[in-house]
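Which chain is which? They are A, B, C, D, E and F, in the order written, and residues in each are numbered from 1.
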Amino acid sequence: MSNIAIYPGSFDPCTNGHLDIIARSAPLFDKLYVAVLKNSDKKPLFSVDERIALLGKATAEIDNIEIISFGGLLVNIAEQVGARVIIKGLRAMSDFEYEFQMALANKGLNPNVETLFMTTNTDNSFLSSSLVKEIARNGGKISQFVPEAIEEEIAKKLY
Amino acid sequence: MSNIAIYPGSFDPCTNGHLDIIARSAPLFDKLYVAVLKNSDKKPLFSVDERIALLGKATAEIDNIEIISFGGLLVNIAEQVGARVIIKGLRAMSDFEYEFQMALANKGLNPNVETLFMTTNTDNSFLSSSLVKEIARNGGKISQFVPEAIEEEIAKKLY
Amino acid sequence: MSNIAIYPGSFDPCTNGHLDIIARSAPLFDKLYVAVLKNSDKKPLFSVDERIALLGKATAEIDNIEIISFGGLLVNIAEQVGARVIIKGLRAMSDFEYEFQMALANKGLNPNVETLFMTTNTDNSFLSSSLVKEIARNGGKISQFVPEAIEEEIAKKLY
Amino acid sequence: MSNIAIYPGSFDPCTNGHLDIIARSAPLFDKLYVAVLKNSDKKPLFSVDERIALLGKATAEIDNIEIISFGGLLVNIAEQVGARVIIKGLRAMSDFEYEFQMALANKGLNPNVETLFMTTNTDNSFLSSSLVKEIARNGGKISQFVPEAIEEEIAKKLY
Amino acid sequence: MSNIAIYPGSFDPCTNGHLDIIARSAPLFDKLYVAVLKNSDKKPLFSVDERIALLGKATAEIDNIEIISFGGLLVNIAEQVGARVIIKGLRAMSDFEYEFQMALANKGLNPNVETLFMTTNTDNSFLSSSLVKEIARNGGKISQFVPEAIEEEIAKKLY
Amino acid sequence: MSNIAIYPGSFDPCTNGHLDIIARSAPLFDKLYVAVLKNSDKKPLFSVDERIALLGKATAEIDNIEIISFGGLLVNIAEQVGARVIIKGLRAMSDFEYEFQMALANKGLNPNVETLFMTTNTDNSFLSSSLVKEIARNGGKISQFVPEAIEEEIAKKLY
């Protein structure tokens, strides 16, 4: 029996919070897909290809993950790659309510896929890609929020 | 003594969640106005007239309701139609906080109008018009979220 | 068509918060039953009879209310007095979640009875019978939290 | 690589909510331990042995589960049975905050064990063992909240 | 030892809620800076200079405050004016979660600056600049939400 | 102008969470009173005198604090020691709501005393005296949750 999970997100860029979820959930499954959302509505800082490259660099030491991109419904890509589990990180209550509703909707759309939630490490509890970008844009130090390689890429983009 | 209530919303389009609130609150009052908000800021999927028509079709069997549109302050339209009660559905805590603040503000603007909250049926607890549209846009099945007639109208709009 | 509501609680003793809900909901219904819970588990400060008497004094000017006591399931007493509506006051989010669950459970037990929620007046948003008693026990002034008559009765009980 | 999870609780008695979590999480793991807490503080309705028997009857058709009892720290029993995952069901936000804190504490006590959260089915979102017992004690119908076999056992205990 | 605090915000325009926080926190510090955020993204109703002027008029009777504007990171302006304390008002839980995350992020960026939270007066618990502007735009009365001088300025802007 | 604050609690025993709040708030005031609640209702693990001694040992290096005990209303002891500020730590949303209500009640009882809230350090966000005692009682390691001296005292009490 194969045991596959998918961890979806925008990852624009990935933060230490995302990387903590990846590092902790990968050992629980045979394979973990990290799925980068192609969201045509928003203006991202990094292109989908760049985001995949950054994730690849930052997770190079984890064997059983594969980084992919997806559009459309999450339950469809989950089914396509054979994932029975969607992994989501919860930082706080406001996350929870939205994610709870999405989990119920996804369950309605495809009862074969379960969403499992994981708490973020407390050190990352306030971290988000948006916050990191906002701090960087205002000249703040982000070395404690993202890996060094990503810090440099953000600097290149912004200055 | 006349006992009139008003149930406001964008209804773009109405979902099973809205229809559940309407079906359960109509019997509690002599008359229930379902009031469609004319919101010039957002780009709706359906025009106000179309939304009124869809609501009309979906609530055809309820005698004591009237579907109207409104702009401006909710307490003004409430007073105009003689409603002493504003009905709002609560799905979850995030709804609650916003609605709580609006209820207090409306009470401040017109102390004669009370807001009464109703819990949504659990099956609809994650439903919103936006979610339905997002699922439909991505080719997901929405037959469990909206009446059949509305499902067809959404399909016509999107494809 | 008769339009009856029931407002249940422990009322040990009633506070300005309870009285605000009673004063605002009574005009919305033909009749409002204020139902005092006989809770054998807790040690109340006032007996059920005393609580009914205090409520009676404090609501003497409202015509269409009747104060009763009840044990057992709320939906049963609601049905017995012909109430289609249960009124509950919400002070804050923590209230909301518990009350939401009770409303769903009551709906499951008797689909003919609806729970409607009302926000408390902001001045009473932190008020509870327990808090009032705790303040009184510690010699604090409670005149802004309960009617004068009740303040005196609490003093008699505690000193 | 063995993939074992543990689902802890009081289960006094198990409800449809618990059984839904068990049925949905068992297929995601090679083995699921359902662990009944021996809580000496509270006065349970059912003894630990009775609770295990009820769970056994209600989950008879699921092959890969084993029902055990435990005292002391959850992370210790998890380690003892070789579970890398603790499964918890979340009904609502108030659950979430407590469970979040426990997950962080457990992570602090044993970093090798992850807590994964699962949303309850919406139909069970207001269900708890306490509520079921309270309704039963007051003569309410609980057939929609627990399996038939458990309904009968509760009746035997209470009458 | 000098004891300086900073109270940041958009103040577009300041409401009775903001003024309540200013009036209550100013006496607790030797000096309170009220810092108006220059936010180039949003289209404000009042320019930064106008917002400073309105705040100045509304706080004329408080001696130990100085109204300034700032861009960039809040912790930088705090350090620049020698403030060890950031003051934030909390109206409700949704405020809390966002502010909590910002406080943790700011603590990460500059551990020498503490964020202290103050509850809003209950009468202002639902007040926000956006709500005031929305009500005013729809012809509602805002005299209970802002000082008279600001009410007039809003009227001038909108009509 | 004297600038005095009071930080109340049960401190049975004090945890790293309490000590973090003390260490961060003491520098913001001329004097900080740490006030141990004499709560006759609960059965504490440590007596009030023991709790004061433990706090004394753990805060020996902070000059401007004084550890006292109190019964009755917090606002009374605050006034007695000349404190204009009550300091409270917030770990999570559930804390917030209760503390918010207490802050409003205290403001009602004595408008001259302000409650200021401080976020806990993320590492301590799940910590409580009860949790520490529960873990210790079950033989878990608590060295990361309390100072070494307190760990030993808890061990003496429990074994």
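For the reader, a short list of remarks on this structure follows.
In this text, a contact is a pair of C-beta atoms (placed from the backbone, for glycine too) under 8 Å apart; a residue touches a chain by one contact, two chains touch by 3 or more.
None of these values were measured; they are calculated from a predicted model.
Among the other chains, F has the CA centre that is most remote from the centre of chain B. Among the other chains, the CA centroid farthest from that of chain E is the one of D.
A straight line joining the Cα centres of chain B and chain C is 30 Å long.
Centres computed as Cα averages put chain A at a distance of 34 Å from chain E. Looking at chain F, one finds that residues 93-94, 97, 100, 104, 122, 125-126 touch two or more other chains. On the side of chain F, the complex with chain D involves touching residues 91-94, 125-128, 131, 135, 138-141, 144-145.
Contacts from chain C toward chain D in the complex involve residues 71-73, 75-76, 93-94, 97-98, 100-102, 104-105, 108-109. Within the complex, the chain E residues that touch chain F are 1, 3, 24-25, 27-28, 30, 84-85, 90, 93, 96-97, 100, 103-104, 107, 114-119, 122.
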